[in-house]
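Heads up, there are several structures right after this.
There are two complexes below, and they share chain A, which is joined by chain B in the first and by chain C in the second.
On to the complex of A and B.
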């Protein structure tokens, strides 16, 4: 890469990262306030119908929940900046950093498997149906991708459980730790990105195939394989990349539901549970983590454009 | 045009990829090697803690009671019997308990249990640094306990070690239910050296008890695995290990059971009808009473018409509870007449409650000044949001009051935390649906806690001096038969006073594989699993 390009690229990244700081701070403030605005508190929920008011007050005091709101917020930000995410209220004495250490790799591995599955199958499906446009192959592929987009994961999951686990006994219903445990959650997570990518690839391919330079390529006698994979597909992939970037977000949010249904001990399930339990420190930490991940993913996708399409420049 | 071979290649690639991702093969390998027997039971949530001194929830207790023991325990008939204490004497004034410990009890680390260990464990639970929310309830009766909770002392003066095998506990007043309270995990014995060695993480690294099983692995949010303690003083467990899978989704639990991935499971309300109608599953179904009652509270503190006993009785008698149980709740529960649920000591099978009688209810309401419901102030019944069962019950009651009394009441769903906080304030919610479950199997835990004037859980402004007297007398009487009689007298009065409308008693609908033997299900859940056998 040229020197000027490199400098402007570095500037661009730095600027984007700087803009991210207020965004992330704002998100943390909103999460914090929303948590405290919601009626009731974690101690009441922890005790349920039991425990007299005196005990509730005593324990609230011991957790510092009776301090002024601004003080609680500032100290949580201060601690987070020092890498101390604090302890979970509900899971007594469990450091949130440990929770992340255990849950994040699991969510990431599952998400990555689903992403690989979604992108590769999506592109294959899209290319095949573009080449076979109008045939039954195309129609079938597009029908499958329509289903994948329209069926929500909490419906698709039980359907796959019934078919693949309970009827065919190919995989276990739920659980974690063995390779076969990946199959169902990864399929459900991948369904939507796969379908979107297949449809985008197809229409983008059809678009590109009609371009002059493809006709030129064919006219100069190149083999069909070279035309499709070298000339057409590469250019057709730019919109696909955009969609992929967007659907990676789906993978993150999808992990909430999928991890709960399939009993996956990832960070998605932990964050859902923390919301039910009003486990403020965990809600704060997981929301921040998701916010940072989204910001980073957007940046990476933007940067990837330059690699695929050299015409795009950042300034 | 693209060649056919390329499509074949693409499909082949797809297949290879799918195989790589799926780890090259199906087949479910849930079962352990044949030589080891495993009992597989789900937990509905990650245990919030495995420290017995602070646990408040059933999930944690399910695990902890298999790892720890206390001085006393409940047997299958819900009677208090010895655990580590082989016997005990109670002083004539009913305040001093002298426990004689067994000589053959060792911790998982091999050390013998002494009275000193119990003194340490009980004082530890009371220590404010532990922030235990349950210690005041279960150990607060011990002389000097409050000083420890308040940070004024480090040891409760009422806990004394007489010698290494004798422990003396003095309580502040004669309370016949004190032993029942000691069965709760706050009374379990822990090991000082291991707790200190493990520090903040002792429940993960040094969870050493005396119980039938030892902690092998606690994989957060995934599973807890226990293995048999060969030297357990009540006999080595019949299975080699227990695998508690943490499965938060009820539907997933059911699917896993039906797919052979779990040996026992609680049937969710939404599946009970299907299970009962299924020829195979219905044979694996066990129904046991659960020590709980669902009720509608009528709060006279907030809603003045409820100060009139006739209005309260009219509400009770205008609701057809037979239909509620059969039609609305599909027989997943049992109709409640009185307050004490089946299985609870003092339960009175003859207590039928006020009968469903629309004419009588109408008459009572008219006498109270609201003929055909005219002039009755607007009333809202509050229910917990997001709970299908409460919603169904609420809508049914709404319909019954309209049809039978001409009363238009509102139904308000409220988020659980807010609902609880408001209900506990006593002065906010006019009427609400809620359930009470046993903390320990003693009628005091239901009647005195819910209806004695001054109890934090008496939230409807109910104050009947006669009931107060009967309950005070029953709480301190030592002869069990006399006690139960006193409680039943109090229950009779409470039932006709209607501070709350009893609706139904809980039931546990449990599916168990035919090869599982020896699970003892009580109204407070299963007993420790050391007698469970897998006979495949």
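On to the complex of A and C.
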């Protein structure tokens, strides 16, 4: 039984990875073609109008722009597979892989902090609301989560800066480098996942609490705490996991916005800057990296389902 | 006493039978206070947007240099920005941008989504395969992120905003329409139409399409909230609507540097934006409950 489960799970992972490949290739192809069709010419971006024909030829060769289009695309895919993401147009000759090495740890740390905050606070808020259903605690929690869903992050950021930094002086208003600088960006980034998770946890808990086995657990004299945390919460977490998976996209998109607002030197801000600078190779590389991350994260969430709900089988 | 109640109940039942689906939905909608308030807010916003030049105290570009960077006053009810432009007037003109982007994008998105969703659901086979694989690819990537990247590559102008947001928006609509068509296709009234010799086109247009209206209206209303938010986000990031046009997103961006000294100012456009998004979401919820009470959560 164990072994069969393991084999089918390995098969499932392999198949999912195989589906992910065409998706990622399609996205890379779309960005490549869009970059090619884009109105501005990379040579003009790099050299301005002043480049003499010899320099233009040399730069074209350096960036492989003298090769036919299909060869450019194939070699970009081949290089990407070997960790070579090409060179920046704007910062001439700067390997994009180096740019990622600087920014990626920051973006990842910020994203993980936000994910942990969102999931843990969201579940707590949802459970408390469900237990205290109908009371002011429940209403307040649901109101907060409604705000978290409807207020865009670039509006929430100034509000939190005013309250937490300027009035309560809990965190610094701006700056980067110290651990406390992560607090505000992570909170803003976590707001939407937190709110969605709180809402789904609440309704899922309310569903579960009505089930027979919870009544049985109570009837056999278990304490309320055990009933809620050991019996109810565990089963209520399945839809929570689904929503968590759905909010991963918000975290990725949010990194662009939050890093721009708080001036965080991560990949998100670098991508926005590269857009201002029309630095296509950087835009293409970022797209690819975000696509791979997103596909992988979704796969991980899917696999987590088995841990929470052994009834789910991969077929 | 009892008979009277029974009678009046019966009257009501007879009366109910005489109403159409739309009248029923309308009744349910107007009895939903959140939906009504949201609808009134949206109507007000539309009126303000249309008559902006008559309502706004100033234009969106008038610069009152001697009163630049000011908190709300009688002269400028919501204060002024760094260039001395009236924030209230800019918010009013901003409604035009938000709502026109929303109108154009939701029209394109709905048209594409309904067309492709119907083709996929009705003909199935190859068309279905291609269209659904396309939506799979689009769904495998966060839509706003894709819009950001498209804008980044194509450059910022209003037509590219329409293009980027419609492109990322249609798959959601197409999937919903396809699902509906699949379930409608097998129903007796479609079989009956086919038996009377109706062509595919006739069946799709006059038998299936009318039954798609409810889910399409609900989905479109919900999507409008997302489109308005996306446009504001793109503009906030500097890759959407370009200055001096007063998109609410640009206004938040432009007013943010004033946060330390004038903390209220960046909040004004932000609050209007949040309220608008909220109103469309609430109205969408209300429409769903009204048009399809079975879905009520």
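In this text, the second predicted complex is superposed on the first by the 281 of 315 C-alpha atoms of A that agree within 3 Å, B and C clash if a C-alpha of one lies under 4 Å from a C-alpha of the other, contacts with A are read in each partner's own complex, and residues count from 1 in each chain.
Operating definition for what follows: a residue touches a chain if its C-beta (ideal position, glycine included) is under 8 Å from a C-beta of that chain, and two chains touch if they have at least 3 such contacts.
Everything numeric here is computed off the predicted structure, so don't read it as measured data.
In the superposition on chain A, A:91 makes contact with chain B only, not with chain C. Comparing chain B with chain C, more residues of chain A are touched by B.
Of the two partner chains placed by the overlay, only chain B lies in contact with A:102; chain C stays clear of it.
Contact with chain B, but none with chain C, is seen for A:179 once the two complexes are overlaid on the shared chain. In the superposition on chain A, A:161 makes contact with both chain B and chain C. Shared-chain residue A:260: touches chain B and chain C both. Judged by the touch definition given at the top, the superposed model places A:295 against chain C, while chain B stays out of reach. In the superposed pair of complexes, A:35 makes contact with chain C only, with no contact to chain B. Of the two partner chains, chain B is the only one that A:62 touches; chain C does not reach it. By the touch criterion defined above, A:134 reaches neither chain B nor chain C. When the two complexes are superposed on chain A, the residues of chain A that touch both chain B and chain C are 38-40, 158, 161-162, 166, 173, 260-261, 278.
If you check the complex, the residues on chain C that touch chain A are 136-137, 140-145, 148-155, 229, 232-233, 236-239, 249, 252-253, 256, 259-260, 263, 266-267, 270-271, 273-274, 277-278, 281, 297. Contact residues on chain A toward chain C in their complex (touch as defined above): 23, 26-27, 31, 34-35, 38-40, 146-147, 150-152, 154-155, 158-159, 161-162, 166, 173, 203, 249-250, 252-253, 256-257, 260-261, 271-272, 274-276, 278, 280, 283, 286-287, 290-291, 294-295, 298. Touching chain B in their complex are the following residues of chain A: 38-41, 43-56, 58-59, 62-63, 90-94, 99, 102-103, 113, 116-117, 120-121, 124, 127-128, 131, 158, 161-162, 165-166, 168-180, 182-183, 186, 224-225, 228, 260-263, 265-266, 269-270, 273, 278. Contacts from chain B toward chain A in the complex involve residues 1-3, 6-7, 10, 13-14, 17, 21-30, 45-46, 48-49, 51, 54, 56, 128, 131, 133-134, 136-137, 200-201, 203, 219-222, 245-249, 251-252, 255-256, 258-259, 261, 415-421, 424, 434-436, 439, 456-457.
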